[in-house]
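Heads up, the next two complexes both have chain A, just with different partners, chain B and then chain C.
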Partner chain A sequence: MRDMSLHILDIAENSVRAQATKVDILIDEGEISSFMIKDNGKGMDEETLKNALNPFYTTKTERKKKIGLGLPLLKQNVELCDGKFRIESVPGKGTSVKWTVNTSHIDSLPVGNIEETVWILMTMYENCDFSFTHRAGKKEISIESRELKEALGTDELNDPKVSMIVKDYIKEQENIINNQEAL
Partner chain B sequence: MKVSQIKEKLNLEYVVQSDNEAVSGYASDLLSVVMGKVKPQSVWLTVQTHKNIVAVAKMADISAIVICDGFSPDDDTVEAAQKENIPILKTDKGVFEIAGMLYESGIR
Partner chain C sequence: MKLEDLKKIREKMEKSTNLREGKGRIKAVVGMGTCGIAAGARDVLSALMDEISKRNLSDIVVTQSGCRGLCDVEPIIDVYEEGKQMVTYGNLTPEKTRRIVAEHFVNGSTVTELVISSK
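And now, the complex of A and B:
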């Protein structure tokens, strides 16, 4: 993966496949950036959890070759740049994946296009609510897909018109994080 | 061309010995890019040493992994490659030089 936003999309899609109805995503940017994806999905037993970090394991039965690189690649990329990686799971309760990266490490992955990731998640997976919090220094934004659904008066965020409104809103919020103070 | 022939021509060292037919080549260290771009039956040049390279090689039908610039694969990488029957070779030469030699030898 070329950046963290792609890893986040990948891991959050694991949550959706684990039948989560709520996924919390947190990014806290700094010299040491921390990331968290927490879901209320079906969780994993000890055996599955151990295997989740083995690239020669997948729960996807449609795969001919038994390979699953999502979590192993993320862990590799995190450890490559002196970060810490942690996954916890309770069967029936959910799973959380947390990691940090030392952003001064030359090989550390940039955050990337997080707007796109949040937009895809919020508009593609209607049965799941996403909460996205992004902090950078003193700035903080928070976007809740449940609130967007209520404000827009529809659960169908994938409707083309609604989807564009959601996209613009996410972009606007992210601009608060990325831009210098408006002059 | 056989991986064993490439090994002789380019003076590479076997870490995990196995033989395959190779028809193409690829060089990159970003595993997700390799998965998306590499052609089947390629020789893959990289400096990555993590176990994940074996999973990528298996998934993408890669014929052999050549670890360049004097790096050595991790122990669990070697173990996985033996189990999956994927040849790993190493060399002190850099990716650029090995790619040039491969190209010269007829792997395009």
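And now, the complex of A and C:
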């Protein structure tokens, strides 16, 4: 993956496939940036968890090629830049994936287009709610898809028109974070 | 989230027209597994939503699916249309995706050279 925003989309996709109804995403940017994706999905037992970091393991059976790459790819990218990667899971309770990156390391991946990832998660995964918190220095933004659904009066955020309203809002919020240095 | 933000969002919603009606004439499903995402599926999905909303198409439902095992032809979109075969478009880019909206969804003709399978 080219950047963290794509990894986040991929890791959050695992949560949705694990029947999560709520996924919390946190980004805290600094010299050491930290990331967290926490879900209330079905979780993993010890055996599955151990195997989940093995690039040729997947419990998904609908495909021809039996490979699961998402978690091993992320772990590798994190370790390449002296970051720490950690995954915890409790069967029946949920899973959390946390990692840090040393942003001054030459191999550290940029955050990338996070607004696009958050927008797609919040509007295209109907049965799951997402919360997104993004901190950078003294700035912090927080977006809850449940609150958006209530304000919009619909759960169907994948309606193209509705989805675009959400996209504009997420962009506006992300601008608060990105204009940090200009202020 | 701030109350005033939510209010603004509600007002925008009240002003929006051409919201989707019913189940939709066409259902388009974008593959969002690891291989899809790595190959550019997020930009494809984004272009698809953008083009549909710009053209005011209110009878198309867009969703996503997990890995379909078609890793070497990602990004892909499956198109379901009542009374027709399911068509899978592959090796997509945002530009090709916009073409599918114009030629297939609006004009009703399958973009044959982008099809990788149909059943």
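Keep this in mind: the second predicted complex is superposed on the first by the 179 of 183 C-alpha atoms of A that agree within 3 Å, B and C clash if a C-alpha of one lies under 4 Å from a C-alpha of the other, contacts with A are read in each partner's own complex, and residues count from 1 in each chain.
Rule of thumb we're sticking to: contacts are C-beta pairs under 8 Å (C-beta built on N, C-alpha and C of every residue); 3 or more make two chains touch, one makes a residue touch a chain.
For clarity, every value in this text was computed on a predicted model and none was experimentally measured.
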item: Superposition on chain A - do chain B and chain C clash or fit; value: fit
item: First (chain B), second (chain C), both or neither touched by A:Glu13; value: second
item: More chain A residues in contact [chain B versus chain C]; value: C
item: First, second, both or neither for A:Tyr125, with chain B first and chain C second; value: second
item: Which superposed partner A:Gln76 touches (first chain B, second chain C, both, neither); value: first
item: Which superposed partner A:Leu152 touches (first chain B, second chain C, both, neither); value: second
item: Partner chain in contact with A:Met164 - chain B first, chain C second, else both or neither; value: second
item: Chain B, chain C and vertex chain A (Cα centres) - angle in steps of 10°; value: 80
item: Smallest separation of CA atoms, chain C relative to chain B, angstrom; value: 5
item: Touching both chain B and chain C, residues of chain A; value: 1, 6, 65, 69, 73
item: Touching residues on chain B, where the partner in the complex is chain A; value: 30-33, 35, 50-52, 54-56, 58-59, 80, 84
item: Complex interface listing, chain A residues touching chain B; value: 1-2, 6, 55-56, 65, 67, 69, 72-73, 76
item: For the chain C and chain A complex, residues of the former touching the latter; value: 1, 5-7, 9-10, 12-13, 16-20, 32-35, 37-38, 42-43, 45-46, 49-50, 52-53, 57, 60-64, 66-69, 71
item: Chain A residues within the chain C interface of the complex; value: 1, 6, 9-10, 13, 17, 60, 62-65, 68-70, 73, 116-117, 120, 124-126, 142-144, 147-148, 150-153, 156, 158-165, 168-169
